[in-house]
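One chain, chain A, appears in both complexes that follow, with chain B as partner in the first and chain C in the second.
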Partner chain A sequence: MGKWERRGRNQQLNKAGTIQTLYKKLKESKDFLVYHHTGPTPCVISYLKTMADPKILNESILPGLKNADLHSLEKIKEAITVENISITDQAEKIKEKVLQGYVVIQMTENDNQVLLIPASTKVGRKVSIPEIEFSVVGPKEAFVESLDKNMNLIRKRVPLPELTVKELSIGKLTNTRVAVVYIDGIANEININTVMQRLKEIDYDQMIDSSYIAQMIADNSNSPFPQLLDTERPDRMTEALVEGKIAILVDGSPHALTCPTTIVEFFSASDDYFMPWHLATVFRLIRLFAVLFSVLSTSLYVAILTHHHEMIPEELLATIISSRADIPFPPILEVIILELTIELLREAGARLPTKIGQTIGIVGGIVIGTAAVDAGLTSNVLLIIVALSALASFTTPVYQISNTIRLVRFPFIIGAQLWGLIGVSMVMALFIGHLIKLQSIGTPFFAPIYPLRFTDLKDAFIRLPFNKQTQRPIQTRPLKSERLQPSDANKKRDIDE
Partner chain B sequence: MKNNISVMVIIGIMFLTGCAETYSVEDRAIIRVAGYDFVDEDRLKATVAVPQYGRGESSGTPTEKFQSAVDHSVKEAHENIQRKLSKPISIGKLELSLFNEELAKNGLKNMIDFLGRDPIIGRNILLSVVKGETQGLIEAKYSESETTSKYITGLIKQNINQSNFPETNLHKFLYAYYADGMDPFLPLIKRTDSQVEIDGIAFFDGAKMVHSLPYSEAFNFKIMKQDFNRGTKGIKYKEEHIVLENIGSRVTYHVIDGIEHPKFLLDIKIKGFINEVQNINLMLNGPVIKSMEKDFEKSLQAQCIEMIERFQELKIDPLGLGNDLKNRREHFDLKKWEDVYPTVPVDVKIDVEIIETGITS
Partner chain C sequence: MNKKRQSKIDLHVPENLLVTPFFVFFLIHAMQLGVGILSFETYIARDAGYDAWISLLIAGAAIHLLLWIVYNILQNSKGDIVSIHEETFGKYIGGFLSIIFSLYVLLLTLTVLRTFIEVIQTWVFPQLNVWFFTLALLLLIYYLVAGGFRLITGLCLISVLLALPLLWLKFFPIQAGDINNVFPIIDHTLVELLSSAKTSILGFLGFELLLVFYPFIKNPEQSKKWAHYGVFFTTIIYVISAIIAFIYFSEKQLDQVNWATISLWKIVEFPFVERFEFIGIALWLFVVIPNICLALWAASRIPKRMFNIRQTYMVGIYCLILYVATIMLDERQQIKELNDIANMIGFYVLMYIPVLFLFKKARDKVRDTN
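Here is the complex of A and B:
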């Protein structure tokens, strides 16, 4: 019931009424200017000072009005040398355009017929280098907040007429432009329809960032795992588009979403494609190991020290016991204290202004850690484990999944304390069960592993060379799955052949 | 509703597990070595070494505290030791269990049950029979840098891996004990003042120790028992004493004829090289080496057959011939096998190949 009421109020807010009511509303704002142009052609010019470009106003519009005898809007339209001028009397359209920075010209103030001259200017960042998904080699362009600039970055990489862009406006108050991009003929219709339908059904006031959409259209909003891959790299997005995936861009957000995605995609970096396949494979495996280590190491520490000390190798026993001897807490408290310290440092580091802040945070962590050991609050061994597992969680190439890893650790620690290794296995079983059930835009999220998509494994845990990647991943159900002729793949002809 | 029940169950389990007392690893008396001595017919004395680990940076070789107690059973004796300690005993990291010879001769039935039944005890721990008191052997200090348990474990392990002693651990002991037609054996160690050494092999009939061989015969037993790659054997060759270093020996058991009248053939192939030839002027050329091989084969074969005959007289089967027969021929009858075992013909065929004579010839 409350929802209906709210919707009614919003409609009121959006209702335009007549030009007069619109002007009355706008005049309450300081930056809305209405002035009477005198001279050979008297008329009323009004615009939002903060949105209109004064250059266009001064150099194109005002000189045009100097000509004498422009007694109708049609004549003025001809005199002004700006493209896309229109004449309208629809209050709704006028409102929309004025808010975008158009200049409005009326013959007299109470005239319903107006001339709309596009003069909007947009303030925004220039395209800069990617900071979150940085790679040493490879393209150094990152998305910015402007949707048009972002589309430019994509279009120049995929100069295809099949590259289709569908635009919607989402957010009842913000009317944010949202673009759905895909390559027609490769991307599967079903996926496109699913995305479009879910986007259309979004009913919310504001749409500040693409992460809003990621949470709203996710198949399971309660899952800690991100089900849409977000990227700030146009090259990574191109990679996804040519595999038959769908990208979602939001005006005002420097992060684009691609879907459908799978869990292994979150652990593959763009660097993996910029170096030889064997190196890429080794580094990707290291990254996967790092994730497992990061999730499991502290819980294994708790489980083994509390419940299964007979599993500790003899050589380690003396080290662990003598470093634990002075610690007043049981392993679980020790672990929770240290993990929370690391989380605190991370949060603090994320709020600090520059990247240097984060480094200081980590250094501070070591200092705090050393002091904690000297004070006898934590053991050396645990400090090493926690520091390594924090380090390991930084290796994930996608920021969203590293947040997930941060969180997922804690159920494991609790399970380890309660039931030892059985608890760790139980939590692991719960998470694997959850992952198997999870979907990304209706396709299985745990895909190359379960359901086992054997052909997709060539670019999952390992990355085979490009000439072995003869098929696009069948996970996305591309309409054309063949990438290259397997028979041609290995041919390297000499120039004289 | 279904969801609610599962949530309730999880919360219930979480609260219930909170009731269990847990001890972190540093709050336990971790026993690495335990020794059991014979007191009288139904009592035994248990001796344990509890390592005392240093604190903080000063970790190094832990010192050891020793405790012993007398009672009817192993568990009760441990319980008595428990009374003298500030921390709960933990036998999960036990790596060496010692029994004195007298106890072994009286039977280790309750020991075997105790070690075999507790899942917390690893299957690769070592067992050993001790000549004399185990208490004295455990409480003596043999090395500045190692604890007694580590020292003795190392002593046995390195002799298994690098030398003539056959493989043994709790798993192999239990297998031999429970298998039909097979009897276990253990290392026999001895302490002489500040020294401890492997004295030989102790052989069991079921749970009772009935026989022992000196360490000098361990090589012969090992080549019959298993494949191995290390070890040395010296023999007489034309009034000389020469040493054969084993590079690799392979043994195959052949069962000949049916279950009614089984015969066994142990086919042993040894590859080795010659070392310590006392007569330096001896030319180690083809014919000499051939005759050396022959001599080795002859003397090893005689020694092996003699050893098997001794086993047959004692009605023990540490080689597991009966077990081999059971695995290969149907209608195996343990009773019948035990009757015929002492008279079963066992032949040993040894094939020595000297593949190397070193760089001086």
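Here is the complex of A and C:
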């Protein structure tokens, strides 16, 4: 019952009715101006002061009205030197345009026929450098909140007529513009249709950020793993588009989504492509190792110290015993205390302004850590492990997956406490099974591991040189898979040739 | 043939649930390699002594032959075991045989599950809380089986990828062992070798599940070579494991060892870790889980095909049976008996495959002449 009522009210909010009712509603707001223009051409000018550009009003519209006596909207339309002027009597359209900042001209106040003059202005931030996905070399532009500016950033990188932009508006109240971008002829229609279909099915009142969409169109919304890759880098998005992926941009969000994606893509950084391939490969492998370390290290500590202390070699055992001798807690409690401390520091650091946040990080790390060891709450060895695993989780190039790693750790710790290494294996099997089942826009998320795609492994755990990247990844099922003619690229010269 | 019967035999699996022929390699291999490999060395050496690796080769060859027969049966019928039984023996006898097959696969599942828990009890946690551990393990298995055949195939792949590195550990016993243990080669009679081959063949059980998952293979004709590669790979792994156990243990010593492969992990030593068998057993979970999942999936698939019951319910019922049975079998002797019974029935099932082939051939001939 409540749901129906709510839906009814929403519809009422959206319904325009007549121009008179619209004006009545708008006049309740202080920034809506209705101005009776006198002089040679008497008419009524109305607009939202906060949305319309006063420059256009003053320099193009008002001078046009002063010139001669114009007695119909058509005449005025000819006299004003602004493009895209239209005449309409549809209340729905007028409402939409007024709210965007258009200037409305009527001959008399009760006329239904109106002239709509585009004069909107938008306040927003300038294009700045990427802060979350920073890279030392490479382009330094990041998306901003304005959809049009973001499209500009993409179009200038992909000057192709095939770059297609489909736009729809989502959110019953916010009417947010959402753009689906892809390269026609490379991106597979099945993927495009899936994305469009899911976007059309979204039924929600607001659309604040692209992360809303990421959660709403995800194949499995109960999974801790993000199934759409979000990026703030136009260059990274260009790469994705060229590979045949689809991008989703939301007006008001500085993060674009690309899909379909795979788990390994979350661990590939833009830097990997700006460096020679062998360096990139080594660093990518280090990053993957760091992720495994971050997820498993504390649970292995719990498993080994609680259940399998026979595994520790004699020499190492002395070190561990001396550091744990005064600790009153079992390993599991010790680990949970420290992990929670680190999570606390992280949350505090993320909520506080940058400068205070840094201080908290340093103070927290050094002071609390040392104090905990001195107080005999945790051991030195564990402090090192936890600090390293926290550090390791920051090496992920995509912010979202680092949050997943934070969370995924805890089931492993519980498994380790219950059945040692076998418990860790069981949790691992659970997550591997989950990942195998997971899909991103209908394509397997765990590729290229399963389904095993040998050709896609060239840019998964390792990155081969560009002249070996002859094919686009199969994962996206591109319509054109060839990137370059392999015969020229891979020809090897004999000695002295 | 009436229409109703046609619809039952002509089973259709949606395209997106099929797996490529290549994965049959992993399916066959992962199903054959279970808990048996952890202890088989002792048993095969009882008859043929340290010539038993030859028996393994004989057994492997026999399995290749049986696999060829299985493919022959399947290729001519384009169905699975349920439809083949129905075509060959009619609705009632065929149905009965299918149920027997389903229960046999369930018994295999139980054997693997219970034996693995026994390994954990013996080597890792003597005080293991069996009812709680089994509950957690079966919940995990239920979740995985509910993910469907594609997920299980993925687990088979992962299991091979994770278990393969364990082969490197065989290097440690080679260093410590004596190669002369294996010589002289062939000082046993053919009868002894064959009797050992009969024991060895039990390690290859599991490939017969192909009779159930065959309709899930895309272009199944092409999967034939991958299935044979899978069996060949299993044979190689068995032979390597056997020879290395023979190199390390003397013949009399081996007779006293219960879990030869695990004992060999025990001698592995790195500067940062000792007692490697804990890691070995934990990793072995990834070998056992696909094994259990695939068998449970196959066992529950048969009633679904026969009576159109939802497979989810069947998996639930079978999990419950497994759970109760696992808890009831709590003595070492019972588990040994369970293994013996499963092996005996498994051997009969292997014998049954050629019989089924002959019956089906005869039936096809009769139908053709009509």
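One rule holds in what follows: the second predicted complex is superposed on the first by the 477 of 497 C-alpha atoms of A that agree within 3 Å, B and C clash if a C-alpha of one lies under 4 Å from a C-alpha of the other, contacts with A are read in each partner's own complex, and residues count from 1 in each chain.
One rule holds in what follows: a residue touches a chain if its C-beta (ideal position, glycine included) is under 8 Å from a C-beta of that chain, and two chains touch if they have at least 3 such contacts.
Keep in mind it's a predicted model, so treat the numbers as computed, not measured.
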item	value
Combined model on chain A where chain B meets chain C, clash or fit	clash
Contacts of A:R406 with chain B and chain C, given as first, second, both or neither	neither
Which of chain B and chain C A:R198 touches, first, second, both or neither	neither
Which of chain B and chain C A:Y450 touches, first, second, both or neither	second
First (chain B), second (chain C), both or neither touched by A:P330	first
Partner chain(s) touched by A:W419 [first = chain B, second = chain C, both, neither]	both
Which of chain B and chain C A:R284 touches, first, second, both or neither	neither
First, second, both or neither for A:E310, with chain B first and chain C second	both
Doubly contacted residues of chain A, that is, touched by chain B and again by chain C	307-308, 310, 312, 418-419
Contact footprint of chain C on chain A as seen in their complex	307-308, 310-313, 316, 418-422, 424-426, 428-430, 432-433, 436-437, 446, 449-452
Complex interface listing, chain A residues touching chain B	304-310, 312, 314, 317-327, 330-331, 418-419
Touching residues on chain C, where the partner in the complex is chain A	19-20, 22-23, 120, 124-125, 128, 133, 136-137, 140, 143-144, 147-148, 150-151, 153-155, 157-158, 269-276, 278-279, 281-283, 285-286, 289
Residue ranges of chain B touching chain A (in the complex, touch as defined)	13-14, 17-18, 22-26, 28, 30, 32, 51, 53-56, 58-60, 62, 90, 92-93, 95, 120, 122, 150
